[in-house]
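Chain lettering (A, B, C and D) follows the sequence in which the chains are written, and residue indices restart at 1 in each chain.
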Amino acid sequence: MLKPINLIASAMLALALASPLAAQDGTPKSGGTLNVVIQPEPPSLMLGLVQNGPTQMVGGDIYESLLRYDSELQPEGQLAESWEISEDGITYTFKLREGVKFHDGTPFTSADVEFSMDKFLRESHSRMRTYMEHVESIETPDDLTVIFKLKQPFGPFIGIFEPGTAPMIPKHIYEGTDFASNPANNTPIGTGPFKFDKWEKGSFIHLVKNEDYYMEGKPYIDDVYYHVIPDAASRAVAYETGKVDVLPGGSVENFDVPRMQAMENTCITDKGWEYFGPLSWMWVNSDNKPLDDVKVRSAIMHAVDREFAKNALWNGLGKVATGPFSSSTRFWDGDTPDITFDPEKAKALLAESSYNGEKIRILGLPYGETWQRWAEAVKQNLSEIGMDAEIVPSDVAGWNQKISDRDFDLAFTYLYQYGDPALGVSRTYMGSNAAPGSPWNNVSNYQNPETDKLFDEAALMANPEDRKAAYKAVQDLIVADVPNIWMLELGFPTIYRCDIKNPVNTAFGVNDGFRDVWIDRD
Amino acid sequence: MKNFWRRFSYNRGAVIGLFILTLVILTAILAPFVFPQSPWKMVQRPFLPPFTDNALLLGTDALGRNVISGLAHGAYVSLLVGLVSTIVALAIGVPIGALAGYFAGRTDDALMRFTEFFQTIPSFALAIVLLAIFQPSLMFVIIAISIVSWPPVARLVRGEVLSLRTREFVEAATLSGLGNTQIIMRHILPNALPPIIVLASLMVAQAILLESSLSFLGLGDPNIMSWGYMIGAARTVIRTAWWLSFLPGMAILLTVLSLNLIGEGLNDALNPRLTRKTQ
Amino acid sequence: MTLLSIRDLAIALPVGADRIYAAQNINFDLAAGEILCIVGESGSGKSMSANAVMGLLPEGVKPVKGNITFDGREILGLSEAEMLPLRGGRISMIFQEPLSALNPLMRVGAQIAEVFEAHGALSKSERRDRALKLLEEVGIPDPQAAIRAYPFQLSGGQRQRVMIAMALALEPDILIADEPTTALDVTTQAQILKLIEDLRKSRGMAVIFITHDFGVVADIADRVIVMQKGEIVETGTADEVLLKPQHAYTRALIDAIPRLVQRVDTEADQGKPLLTVENLEKTFSTGAGSLFGKRRVVKAVQNVSFELFAGETIGIVGESGSGKSTVGRCIVRLLDPDAGRVLMDGVDISHLAGAELRDQRRKLQMIFQDPYSSLNPRARVSRILTEGLIAFGTSKDAAHAKACELLEMVGLDASAMKRFPHEFSGGQRQRIGIARALALDPSIIIADEAVSALDVSIQAQVLDLLAELKTRLNLSMLFITHDLRVAARICDRIIVMQKGKIVEAGPVSKVLHDPDSAYTRSLLDAIPGQEYERALALAEAEV
Amino acid sequence: MARTDLNTRTGADSVIRFILGRLVKAVFILLAILVFNFLLIHAAPGDPAAVMAGEAGAADEKFLADLRTRFGLDQPLYVQLFIYIKGAVQFDLGYSFRQQMSVAEMIGDRLPATLLLTGVAFVLSLVLGVAAGVAASARQGRWGDTIISTFALLFYATPLFWVALMATLVFSVWLGWLPGFGYSTIGANYTGMAHVLDVAKHLVLPASTLGLFFMAIYMRMTRASMLEVSRLDFVKTARAKGLKRGVIQRRHILRNALLPVITLAGLQAGQIFGGAILTETVFAWPGIGRLMFEAINQRDYNVILGVFYISAAMVLLFNLITDVVYVIVDPRIRLTT
């Protein structure tokens, strides 16, 4: 056991989100330039084709979807003024907002919605493709109404209308062309508050205010610079020397967070990730001996000191995971079987188990220093209870390759839950989704027909209370089986100058565009 | 041998270099005894500044690991990598150079084109690619370093052999019936030794620098605590704890500097024509 | 009027050298227009005093006693700044190695003009004209081309003339010449000596001429100083020192001078020739290789044929570049001849290879020129001598015993076995070289300039050793040299080569005294000190 | 072709012939490099399709499959190689899977930054190196020599990235004199002279870090070469001519001593690019060195090959320049080849 460490009493606690969320105080001023860091540089800004983090962040300003979601994931109107769902949960009718135009001036109509959902996204957005299988038909009686008819009730359907999942694509530009190689991809056109201006590869992306944006007086600021700075230390320097105002989650090493947080005119929030609910865990490859033995898996579960990791590596941000669900995801339930840090119990379990000295290979996540340190910490935790472990080196491509080929014993990862268990959690534990080849499948090849049945039923239940009970049962079953070693619900802090008003006010944080942001500087 | 030391010690820098190097070697040898625990063990809270806790003289790193234990174990790794990769590079470079120099004509051309081919590619980029291909482990780091550092050896040895080949005592050896291999091994290479020794000492220094650069970029062996790794790991927290980068950097600086100084001392000692020739 | 006088000058060597003083108790004067020769063997300190006059002593070597007065002014202690106007202005100096005495990257004209510039004389264009006139005065062919040429485009002799032109630029009172002709061929040497003689007359310039060759001293010197191990052992006019030497050391040196005197011809028993060389050909091509480079071809050996009989010594004589060494190397197959045959006991070894070549070559061994490069510095003498024998299968102990015996034969004691080459003098190393050559009991020895790198006294001892070994072991020898006097001393027959061809061949008495070819005659005439030799012979005849 | 005698004498045409010879050799080496790199990179585990999929947040088998067909990764290796070389000859270095952009264009965007950085660093290292070498050789054996030599060695012995880090820390963060990263102040879009000054300000730290590292190499070579040449005979002749110390040092010793330094500069070309990778990563300098490192992590084959190809071409060009300079400076070669 680690020597009695007075970790908890350290300065970390002082950080615990003392600063108030910048409420909608004061009257918004227009004008000014917002400098944001983006890391890594997005491969492309065409949100329909590429959906990784950075693309979603910049794309969120250019494209919009029908709805927006507040921090409790309750939908609000965006391109759709109003919407209603039929009693049986089958038909969804959306009333579109009047007089909305694309950045090139062509009006936005229901035809664009149909083209986006039915043609463009179904073809090039793999997540949307699975959701669209629930859709029977899409009708556009007039320019401002769109009616979706589902094959059977699908609760989470209302939760997919955010720019990252369902961006509205201009039909007049893409119809009949090969989406992937359409030159317009380099100059994306959407309906959002900002228009694409210039992209200097390796340096910055510049967006300018959409003058005739359909919401009066918005956006407040004139333009946004997304700065590409590859080195974490340089990003911190950029903020410190005033060149950059907003550091989105994950762009600065966690060790720097307390120091930056203590700087004057600096506010911090870990809001804005509720929709994604990033949960980190270690895939366990139960095909390899001795990991097929549940005792070995739970011994590992109890051996890993996640509180230390939270404080030492993530500066006290985030929460210790209780199971496969993030606490911000709907139908999360706290009291699951005990998986707390207990090295003595771990040693006992290990003694009873079939483990006899095999070397456990840990595959770290190749996304920066924090993950590398975490792999080293886990290796040390395992050696404390007598398990011999070794870190397998890998870079981005090597990690993908090893995950697809199931060439690992334990493998770090973190995935989004998209607010609803049916959207983000079931894909990790459904037996049917265990085909090798993709990091988003059931990589640990967890086969449990009982939980599969529960997941299928819960997805199609119309009444939320029934879904809650079903998912409670699923959580208890999975946690008992310990198919994966759940680590932390990640807290990605967004650091920003206090005089930048409400950069984060929805469940998507900075990915939701800077429509309501204003700069309180004279 | 006596005046070898006299000429070597004449170069003050070389003596200082030798002193520092012996210190580093001692650290590397004594490390497992003075710091028996693995340097990866998390012993205290992170970012403990140096000289605040007498048990942990130089404080702890980002994960609360003992910095001074890391430095000591790191010494062993750096010297090991430096030495072994130089030996491997010599094992590749010396034969190629000797053959090219001794058997002039087509073999010389072919071998030299091959050497030049290697020297054209930026060696650091090649090392990165080699490690990306073979997944970084200590052995592959050594192989990558030696693959990029043998060409200068080949060029030097070729030059030496070319000039020695026409010397009269080599012609005499040919006349007294010695075979080519005997002539190369017993007449030519022993006389080509001094410049090779000098270059070898500089190569060890370069190998240590290269290893630390590779570990800094995250391409080192993740299970090995090396100085390069320590700087790389501390790079992101440079403002909160700048000493975590500074100390291993100084360790590399001193070791590499001492090797370079010794190289110069050897150079003065081994080829006397550089020192004053008395009438 | 004495121009320069040196009073008990002493020059100290840096600590750790083999002796304390490079030169001590140096006293001599130099009158205007007089040629003073300083003669002595290598290491006698003869050039030290001259360098001291110019203030050009190497680092760490310092004058510690005495004074040098030039034109009534004390110049020994002068600062660097004060010495500058003198150097090149009032006293100038030329050196031994013409090939490396000029800056390779600067045109000849610029290097001459530099002297004027350094002393602030003449304008830019005037300097060019003076340089042209100087080049004419020193006898450079086509001065216009020479002034724009780079040093590597001129021959050794021409470069020495350029050096002299530079030295004469500012009409100095004294010219110090430190072995200016040692590295030159005998014909070029004669021309340079004549040039210096004419300049002395035309400009009334005093010359300090340093050399180790008594022939040169005899031809040029007014007064002579003989030095040994840093001390002056004898001074006097040329006739006094050369004809009536007082000091034993001087006498020994004079005796050691090889003379063109007639040797009694030993009639070799004609029998079957041991070695026959038939129209040997060898060409070298330089500048080859690069795809577009034009190839320059040099015909080193053209159609050379001769026969060597048992017990006979043939001398191959020629200037540098005549191809004499190439012939020797082709015979032992250190170089592969392009055409022609080399027959030993009827076997043609010119195209043999592998083991056959190795066995045949055993009977043919070579002695090399440079004592410092002919022995492997990292091998003990025992290994050097036994290596060959062991390679041919002799047991270690037998080879060891033979090696001791060989050392005995060449006049070195057995203790030399354990020592390394750098622990021996030049002469001793040459003896070890000879021992090595004899290790495999060869029937023919090829000596390539075997004594040219040695001092005259040691040269004589080695030549005697070779002569004695030749008779004792009934060896036949091919003696390659550029010095006809050395050839005269040891050879039975002489072959003279010029530009790769044999121009004359015959018994030594015929070739030396009544040569057929004009080239041989010019070689003979160019040998310095011929009247001196005749005078010596007369003096010896009278006593 | 008939050559008038005069022409060869001036040596002009032999320099041209020399360059032609070297160009032919360079093309062969470049081709060999291409094949060598191509095989080397394809031996690496993992392929770009997996990486692309990884980045896209979600992918299934179909998505991966059509990625592979789109980028021609399913064809046999030698076919890909042949296509690649045919393209490379016309400077079409293929398409970057990751950045949806042609590699030649990407490299074109970033090459000037690297050329600027390595160029300035090279000049800095050569000038300072030679000056320090001359100074050290003039004070040989005395303390001045030891101080200069050790000082230069300090930079050569320190890891480049560490110097870069410390420089950023001291000059950018603590003292705030210089920008710690980037090519120019983003968003300030200066024009004309202001822009040049701004870039220069950003260039100071990276160029000096890279430059000082190589200075030591030139310093040591110059020092050794100066000492060597000052012992040659023509220096003694120069002194005998009464030339002042400074004139001898400059006109006679230095010119001859620079010859080996020029050859060394040619050899160092490859290394300076390696150094650029480190410097560009730490200082966020948008050059091809950083592009190379990112591409390796993402297995973006065409970008890796493109940067290798260009950097090798850069090195060969550099070698050619140094060789030509050498031939021009040394008449012995110019007039004999």
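Here, a residue touches a chain if its C-beta (ideal position, glycine included) is under 8 Å from a C-beta of that chain, and two chains touch if they have at least 3 such contacts.
To keep track of the chains, here are their UniProt names: A = Peptide/nickel transport system substrate-binding protein; B = Peptide/nickel transport system permease protein; C = Peptide/nickel transport system ATP-binding protein.
This structure is a prediction, so every number in the text was calculated from the model and none was measured.
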In terms of mean CA position, the chain most removed from chain D is C
Whole-Å distance, C-alpha centre of chain C to that of chain D, is 50
Rounded Å distance between chain A and chain D, as computed from the means of their C-alpha atoms: 42
Could you work out how far the Cα centre of chain B sits from that of chain D, in whole Å? 23
Please set out, as single numbers or ranges, the residues of chain C touching at least two other chains. none
Spell out, as numbers or ranges, the residues of chain A touching 2 or more other chains. 233, 240, 366, 395, 398
Note the residues in chain D that touch 2 or more other chains, in rising order. 44-45, 165, 168, 173, 281, 296-297, 299
All pairs of touching chains, please: list them by chain label. A-B, A-D, B-C, B-D, C-D
Within their complex, chain B touches chain C through residues 167-169, 171-179, 182, 186-187, 190-191, 276, 278-279
Seen from chain B, its contact residues with chain D in the complex are 12-13, 113, 116-117, 119-125, 128-130, 132-133, 135, 152, 205, 209, 212-213, 216-217, 228, 231, 235, 238-239, 242, 245-246, 249, 252-253, 256-257, 259-261, 264, 274
As the complex stands, chain C meets chain B at residues 13-14, 16-18, 22, 43, 48, 58-61, 332, 334, 358, 361-362, 364-366, 368-370, 373-379, 387-388, 391-392, 433, 436, 439-440
Please name which positions on chain D make contact with chain A in the complex. 44-48, 50-64, 70, 98-101, 106, 109-110, 165, 168, 172-173, 176, 179-183, 185-187, 281-284, 286, 290-291, 294, 296-299
Going by the contact rule at the top, pick out the chain C residues touching chain D in the complex. 54, 56, 80, 84-89, 92-95, 97, 100-106, 114-115, 118-119, 150, 152-153, 163, 166-167, 286-287, 290-294
